[in-house]
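What follows are several structures.
Consider the two complexes below, in which chain A is the common component and chain B and chain C are the respective partners.
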Partner chain A sequence: MKFIKIFTSDIHNGIFKKCYLLILPAIMTVFICISCIARIHAYTNINDIPDFTYSVADMWLFVYGGMAQYTPTASEPFQFPAIWSAILALSSLLVLNYPTKDMLGIGSHIIVSSGSRRKWWFSKILWCTLFTILYHLVIFVVILISGIISHADLTLAIDSQLQHHIHELKPYIPLMNVSHIPVSAIFLPVLISILFNLIQLTLQLFIKPSYSFLCICIIMISSAYLMTPFLPYNYAIPLRYNWIYENGFKYVYGYPAVALIVTMVILFGLYRFKNFDIIKKEDT
Partner chain B sequence: MKALLKIELNKAVKNKAFITSITIGIILAILSLIYCLSISAVDNSMASVQDSSNIIYDPEIGFSILFNNWIGGEGGSLGTAIFYYIFPILCALPYGWSYCVEQKSGYTSLIIAQTGKKTYFMAKYIATFISGGLAMIIPLITSILLSALFFPAITPYPSYDIYYAVFVKSMFSEVYYSHPFLYIFIYLCINFVFCGIITCTSMAAASFIKQKYIVTLIPFSICMILHLSMRILYTDPDKDYINLSPFMAMKPIDMSYRNSPLYIFILSLVLFAATFFITNIWEKKHEVY
Partner chain C sequence: MTTIDIKNITKIIKKNTVLDNISLTMSSGKIYGFQGINGSGKTMLMRCIIGLIHPTSGRISINGKFLGKDIEFPESIGFLLENPAFLDGYTGIENLRMLTKLNRNLTDTELNTILDKVELTDAGNKKYKKYSLGMKQRLGIAAAVMEHPDILILDEPTNALDTNGINIVKDIIVSERNHGALVIISCHDTDLLINLSDEIFRLQAGQLVEHTVKKSTAK
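Presenting the complex of A and B:
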C-alpha cells in the first residue's frame, strides 16, 4: 500500500468524516469575538472616542494574545488566560481521539497490508498537522468575518492602549506603542499548537491518551505561569513577544525551536512506534 | 446493595489511576509548600532587619500563617496554578471511566443479571462520586498537614486581608476570621461534593460516548466551558461579578471575582440532577444486553 493511499484514508476518516468537530472552534470564536467587540465599545465609551477604529488584528490579538508576564504576589493570585488556553486545549482535545481509534481499528490492518509502520506514522503526523491548521484556519476565518460584520479595518494595525484595556492588564505592565503586528508573529501560535499536538501524539505511544492530554495541560499552565523561552508554549503567547512587551523575548527564535523540536518528536515517535505493540485491547 | 457498593468502592480506590491521581496532587501540594517556604524565608529575613533597627516586630500577627500557606490558601505558586487547572482531570482519572469500560466489556450486563439495574447504577454512582471527591481532598488535606509542620495556625487578622486574599465580601469571610479551621472544613466539604458530582458527569457521558479517555475529559471540558463563559460574559472589569468558574470557585480565596454559595449550590444541584437522571433513571430504561 502506498503512502498516499494511507494518507488519503486519514483525510477521509480523520478530516472529512470529522469535519463537524470544526464547528466547535467556530462557535467558540464567534462568542469570543462578540465579547471582544463589547469590550472595544466599552473602551470607546469610557475614553469618549466616538469615531474610534479598530482592526481585525486587534481582534486576533484578543483571541490569541494570552496573558502578560505573571509576577507572584500574595494579593494577586495567578489566573490562567481563559481564551488562550481554551483555544489551544480544544485543539489538543480534538486530535486526541482519531489516531488511537484508528490504530485499534483499521490502522493495524493498514500497517500489516502496507508492510510499513513508518508510512502509518508519517501519515498520522501529516493528518495531525493538517487538522490543526484547519482548526486555526476556522478561527482565523471567523475572526475575519466578525471583523467585516463589525466594520473593523482589515489591516494588521494594533492599538496598544486598546489591547491593554481589553486584556485587563495591570497598570504596571506597559505595552509598547506599536503600529502593526508583524506577519511572522501571527503564525507562531499556530506552529506551537501543531508542535504540542504532535508531542501529544507521540506521548500516546508511551502513556494513555488522557495522561498525554494531562501532560500538555501541565506544560500549558507552567508556560503561562513562567515567562521563559524554555517552556515552548510561551512562543504561543503574543503578549509576551518583544515587539509589544518591553521585557518580552525574541519570538523569532520560536521558529527554529519549533523546527528542531518537531524533528526530534517525529524521529523519537518513529523509533518508539517501530517497537510499539499495536495488537492491544482498547484499554487506553 | 451493601456488598456491591463495597466491591465498587474497592475498585474505585484500589487502582493504579487513583494512586497516580493522588500522587500528582501531592507533588503539586509539595511544590506549593516549597514556594510558601521560600516566600516565608524572605519575610523572616525582613523581620530580622526590623529587629535590628529596633522596630517592634510582633510574631503573633503574621502575614505568613498556615491558612495562607497551603495549596488552597495561597494563589501565587506554580503548584496551586496547575492543581486548580487540572483538578477535573485528576478527579475523573481514578474511576470516571469505569462505567464506559464495563459497558464495553460486557461486565455491566453480567452484574445486572445478578444484582439488578437499580442496585448496580446506584452503587456505581456512589463509588464514582466518592472516588472523585477523595481524589480532590486527599492532596488538599495533605497540603494542610504539611504546611502545619512549618507555619503557625494563628487566627487571621482582618487588617492583613490582602495577604490572605479573603476580603469582607468574600464567601464565609466572617468564618475565616473567627474560626479558620471551620472555614477550611467547609471548603473541603464543598470541594468533595462538587468534585464528586463533576466526576459523575463522566459516568453520565459514558451513556453517549464510547471512548474511555474522551469520557475522562468531560469534567474538564464542562469546567472549561463555564470558565470561558465567564471570560466572555464579564466585559466590564470594574463591576462586582459573581465567579462562574469552577477552576476558581473551588479555591478558598478570592480570585478576580467573588465566590457565591448560591451559585455553587445551584451548579452542583443542576449537575447532580442531570447526572443522576441520566445514570439512574434514563440509563435504567435502556437494554443492556
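Presenting the complex of A and C:
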C-alpha cells in the first residue's frame, strides 16, 4: 500500500508536474519529420517518380535508424548519427535530475516515512520506465501525425532504396530488399532507451548525475563507432539489424540481453541503495 | 516509552572521521541538545539516528531494534535537517498533505491546526516557492511535528526565524516533550539550547566530549 502511495506521488511530481518537458521531444521530432519529408521529396525528384508512396515506417526508420556500420579508414571520418543520438540522449537528460533531487529533498521524508528504501527504489525504477515510455510515445505520435499530414501510408512497409538515400549511406553499404519492418524491431530502441536510463539512475548512486549522463553519452558514441553486440546501444540502431543489413547482427538477441541487464541493474541498484548514504555530496 | 541507544558509532567519509566512537543513550519525555561548532558532527549524528546514513562501525538501536538490521528507519520519527525541502509548485498544505498520506493521513482540519500553530494559517494556500526563508522553516517544523512522532529531530530549528518564530518553536518543542516525545535539537544559540534542553551532548571534531544533565531533570 505504501509503495502505491510513493509511486502515485512519483507519477504526480515526476510526470504530471513535469509533462511540459515532453514538449521537447515533440518539437524535435517535428523538425526531424520535416527534414525526412524534404529528403523523400528530393529522392522522388532525383529519380523522377512523382507518384512515389512512402509510409510512416519509413519516417520512423529515419528518426530511429541510427547509422550503418562504420569502418574506420583514413579517408572517411566518423560521422556521428546526430538525429538518433539526440533522440536517445534527450530521453536520458530528461530523467536525469528528478530522482536525486527528490532523494535529497522531500523524498528523504518519504523514504523515512515509508520505512523502506526498497519501496522508494522500485518506485523510481517504475517512474523512470514510465517516463521513458511516454517520451517515445510522444515521438511515435508525432511521427504518425506527420505521416498523416504528409499523406504517408499508415503501414509498416519499408523502401530500402529510399532508406539508403535519406540516410545518405555509402554505396558499399547495401541494404537488403525488405518489404516490412518487423514489429519486434520497433520496440527494441525504446527498450534500450529504458535500459540506459535505468543504468544512468543506478550510476547516480555512485557519481554525480551529470557524470552519469556523460557516461551514458560515451557508451552511446562508442556504440555508434563500433558495431558490436557488447556495446548495447547497438541494439537501438535498427540500420544495423540483420533484417535490413546483411552484415547486421541478430537484433532479437537484444530482448533477452535487455531483460538480463535490466534485472542486474535493478538488483545491483537496490543493493547499493540499501547501503547508500542519503546526503548531499558537498556535505561529505 | 522510546529509547535510543547508540553504541560506539564511528562514521568515516572519504577517509575523514566525522563521528568518532560515540556512545549515548536517550529516552522519551526529554529534550536532548546537541552542541558543537560547524563540522563537529551534530548533523551527521542526527542523520545516523534517522537512518539516512549508515555508521561505518557501531550500532544504533531504537527500542531494542537495531537500525539497518531489524528496522531501516525509526518507526515514528519527524525531522527537520538544515534547510527544509519541499516542492516549489505545491502550496504549504499540499506539501503537508503529500507527506501525511504515507502514514497517518491527517485531515485538512488537522493540517490547518498545525499550520495555525506555526502561524502559517494564511500562507497554507500559498505556493511554497513564494515563501520567505522564515516561512519555509516554519513549514519544515510543521511537517516534522504534524504526526506527533515518538522521536523528533530538529537541526537548527530557529534558523531564519524572528523572535516570535523562535518562541513558537520553543513552545512546540516543550509541548512535544511534555506529550512524551524524545526530542533532539541542535542550535547555534547556546543560551536557547541550554534553556530548552534537559541534557546536552557537546561534540567536538566528531567526538562526544561532554555530557551535561540539567539539575532539575537529573535523578
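FYI, the second predicted complex is superposed on the first by the 279 of 284 C-alpha atoms of A that agree within 3 Å, B and C clash if a C-alpha of one lies under 4 Å from a C-alpha of the other, contacts with A are read in each partner's own complex, and residues count from 1 in each chain.
FYI, contacts are C-beta pairs under 8 Å (C-beta built on N, C-alpha and C of every residue); 3 or more make two chains touch, one makes a residue touch a chain.
Nothing here was measured: the structure is a model prediction, and the numbers come from that model.
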Superposition on chain A - do chain B and chain C clash or fit: fit
First, second, both or neither for A:86, with chain B first and chain C second: first
If touched residues of chain A are counted for chain B and for chain C, the larger one: B
Partner chain(s) touched by A:221 [first = chain B, second = chain C, both, neither]: first
Partner chain in contact with A:209 - chain B first, chain C second, else both or neither: first
First (chain B), second (chain C), both or neither touched by A:272: neither
Partner chain(s) touched by A:111 [first = chain B, second = chain C, both, neither]: second
Shortest CA-CA distance in Å separating chain B from chain C in the superposed model: 11
Chain B and chain C footprints on chain A, overlapping residues: 283-284
Partner chain B, residues of chain A touching it in the complex: 28, 31-32, 34-35, 38-39, 42, 72-80, 82-83, 85-86, 89-90, 93, 96-97, 100-101, 168, 208-211, 213-214, 217-218, 221-222, 224-226, 282-284
Interfacial residue positions of chain C with respect to chain A in the complex: 13-14, 43, 47, 50-54, 71-75, 77, 79, 81, 85-87, 89, 95, 98-99, 101-103, 143
List of chain B residues in touch with chain A within their complex: 20, 24, 35, 39, 63, 68, 74-78, 80-82, 85-86, 89, 93, 97, 101, 104, 162-165, 211-214, 216-217, 220-221, 224, 227-228, 230-233, 235-237, 245, 247-248, 251, 253, 255-256
List of chain A residues in touch with chain C within their complex: 2, 5-6, 9, 13, 17, 104-106, 108-117, 275, 277-279, 283-284
